[in-house]
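Shared chain: chain A. Partners: chain B in the first complex, chain C in the second.
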Partner chain A sequence: MIATLNTTQILNDWLLATADDQLILAHRDSEWTGHAPILEEDIALANIAQDELGHATLWYNLLMQLKSENEDYPDRLVYQREANQWRNVQLVELPKGDWAFTMLRQYFMDAYEHVLMSHLEKSQHQNIADIAAKIHREELYHYKHSSAWVKRLALGTDESYQRMQAALNQQWPYIGQLFALAPGEASLVEAGIIPDPAILQNDWQKLVLPLLSTGQLDLPEVSNRFSSRAEHSLHLNQLLNDLQKVFRLDPEADW
Partner chain B sequence: MDTQWPRFEVFKQDAPNQPYQNVGTVHASDGEMALLNARDVYGRRPNCHSLWVAPERAILKVTAEELGNAQIQQKIAEARMLASSELLQNYYVFQKVSQKRTMTFVNYVGGVQAASPRQALALALDRFSQAEVWVWWICPAEVVAASEPGVEDSWFAPALEKVYRQQSYYGKVTRKRRDERLQIAQQMSQPQAQTKNEVSK
Partner chain C sequence: MDKAQIWQILQTISDPEIPVVSLVEMGIVREVEVEGEAVTVTITPTFAGCPAMRVMQEDIVRSLKGQGATQVQVKTQIAPAWTSDWISEEARLKLKAFGLAPPLKHDGDLNIILLDIARCPRCNSRNTRLQNNFGSTLCRSIYTCNNCKEPFEQFKAI
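Our next item is the complex of A and B:
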């Protein structure tokens, strides 16, 4: 199977996966709009959701450009794909949970994007390097925001600590999927287009583990779920049902 | 019971040589969170270079009217005399100098060293008085949290490209769309109007 994949296809698949992570994360964040614990955070998270949506758009647009697709390609990808055609990691499709769950996931993803972009800025693929530089500066702010929350909830009250620990227990098994190499992607690593996931994971842990330890959070002893990015939980179906509902009512409608 | 987090006054600087201007408040658990909230609430549109936040309860706020009060004048006079050079602290001085619309911001005008907020006010009155000052704010420098130099690129610059966050962006779209929709609505309502007339006859 690997032999039939050429580099273009592998790169396209990687771009799709990278964009899908952002889009699904953006949707989960946006579910808090109007429901966040305080007005200021409502604005902050809506803002961040919009940023992540913007990042997804940058990657979808590059994919569109590389595949010489029409302008409606990103919309088709978002509104017309079934769950099994999405390539996001399962971490981002999990329901938004409580505020601790959302902040911890956002923190994990901000740390991931931060280390990923700092490598991609040096990608041999110029378009990717340009997009990464643009995304990276925003991620520095996102990281500051979510790490401040994780720290405060972990060191806050008994209840906030317990909620943070519960969120960690639930999310930790999904982390490995962020650093799994898809079939054929080793060629992209060799070509200097994307970073080696092992290096990425190491960078990520150097950021994340000290903060979790500051918060006295215990890493659960669980084995990672190494599933393919084509596999999803039923949560994604429910999410897409929401996301695509209006579009499916009238696919030809002009907005 | 007030279950809100403490209130912080937010001061925004639009460009390096502009004054810090009070733009509103945020609620937050502490200064660092207040700064992050201020960034999202007040720095998400273009023209933000730097932010300060200060806990509202730490700020001495005095109006021009109050300064005319004999008791308050007496207290300020006493505070002026209580100089103790060992306990000097830095204070930031802010003023509102206009009642004209869009110019009613409370602006940073400078700093003084004083032994108490009231003494800082006395010194500020000596140093920064001008024709019209409607409101004076005196804030201990040590409670002010400021965005770090160098974060502009990450905190504020991306907003420049996000034109969709500006009201004017939608103004243009909706006006054009509104005309289109009005046309469609008119076309659709014409036969219906006729039917109505017929019924009313």
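Our next item is the complex of A and C:
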């Protein structure tokens, strides 16, 4: 299996997965625009969604550059792929849920991006290191914001605590997928292009577990789902239906 | 048209979101190259998702062509990553006069983000409180001054 994949293809797949995580997360965040509980948070989450969209664009653009594709390549990837062609983790495609659900997911992803970018800034692949350095600074603002919300809701009222615990119960089984290597990716780790996922997971837990513990949130005892990034829930179909609806009305339209 | 003339023209092009400062003062223009008739201007985004990049590119092409350049290309680069430390001293004064608190200098240590420090651009008080790390554009946070009671925005340190 591994012998049949070449390094270029493995790297391209990794870039696509990294970009897809950001794009789908951005879309889920954007669903709150105009609907957030208070105006300040509407503004904050709209900003965060826009940042994540910007980060996705940087990764798609690098993929376009490495594959010598045309300028419309990122658009084609986003608007023309079917669900089974996406490579995002399932965590980001879950419906936005309530505010606790959205904030906890954002926090998990911000912590993930924070530790991932810390490693990727030192990547042996210069383009990847450059993008990571750019993204990392912006992620600090996200991390600050979402971690404050997780703490606030966990230590808030009985209801906010219950909602945060319920969100944790739902999301925890999906975390393992963030730290699973795709076939062949071990070669990227060996080449110093991407970090060892075990180290990444350890770094992530060092950030996340103390905060969950401060909030007196209990980690559910669940087995992790290590499904392939090619497998998706029906939620992704519904999301893509929304995301691609206008484009599909007239694929040849000139924007 | 030589390099110096081109820089001079670029100096007159406003930031689309903050019209009181120019793209050069903001540190967005990184390089100008001239080869015969071909002019290449390299710019860098402040924030990765900045929606004003396209407008900036169009403004640069329009301005340079309007002043006689025949071939203008605008390139985007992301490394080295733009930092708010590159905003010139002159631009910081203009931002403040515009009512936008300039970003704190951080010399690469972004832990400064956690401190929530801003000086009110109106009354200069340091007695201010953060309302929201996110504001009307990707690059702004919202504060309130405890002294003069006015809300204001700060350009984010990044």
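Keep this in mind: the second predicted complex is superposed on the first by the 255 of 255 C-alpha atoms of A that agree within 3 Å, B and C clash if a C-alpha of one lies under 4 Å from a C-alpha of the other, contacts with A are read in each partner's own complex, and residues count from 1 in each chain.
Definition applied: contacts are C-beta pairs under 8 Å (C-beta built on N, C-alpha and C of every residue); 3 or more make two chains touch, one makes a residue touch a chain.
Note that the structure is a prediction, hence the values are computed from the model and not measured.
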Remark   = So, after the overlay on chain A, do chain B and chain C clash or fit? They clash
Query = After lining up the shared chain so the two structures overlap, which partner does A:191 touch, if you call chain B first and chain C second: first, second, both or neither?
reply = neither
Query = Touch check for A:211: first (chain B), second (chain C), both, or neither?
reply = neither
Message = Per the contact definition in the header, classify A:138: touching chain B only (first), chain C only (second), both, or neither.
response = both
Message = For A:40 in the superposed arrangement: first (chain B), second (chain C), both or neither?
response = both
Task = Decide which partner touches more residues of chain A, taking chain B and chain C as the two options.
result = C
Task = Give one of first, second, both or neither to describe whether A:152 is in contact with chain B, with chain C, with both, or with none.
result = first
Ask   = For chain A, which residues belong to both interfaces, chain B and chain C?
value = 40, 43-44, 47, 51, 54, 137-138, 140-141, 144-145
Query = Where on chain C does chain A make contact in their complex?
reply = 45, 47-51, 78-83, 110, 113-114, 131-136, 138, 142, 156, 158
Note = Counting only contacts in the complex, chain A reaches chain B at residues 38-41, 43-44, 47, 51, 54, 137-138, 140-141, 144-145, 148, 152
Query = Which of the residues in chain B end up touching chain A in this complex?
reply = 5, 26-29, 32-33, 36-37, 39-41, 44, 151, 153-155, 157-158, 162
Ask   = Which bits of chain A are touching chain C when the two form their complex?
value = 40, 43-44, 46-48, 50-55, 57-58, 130-131, 133-135, 137-138, 140-141, 144-145
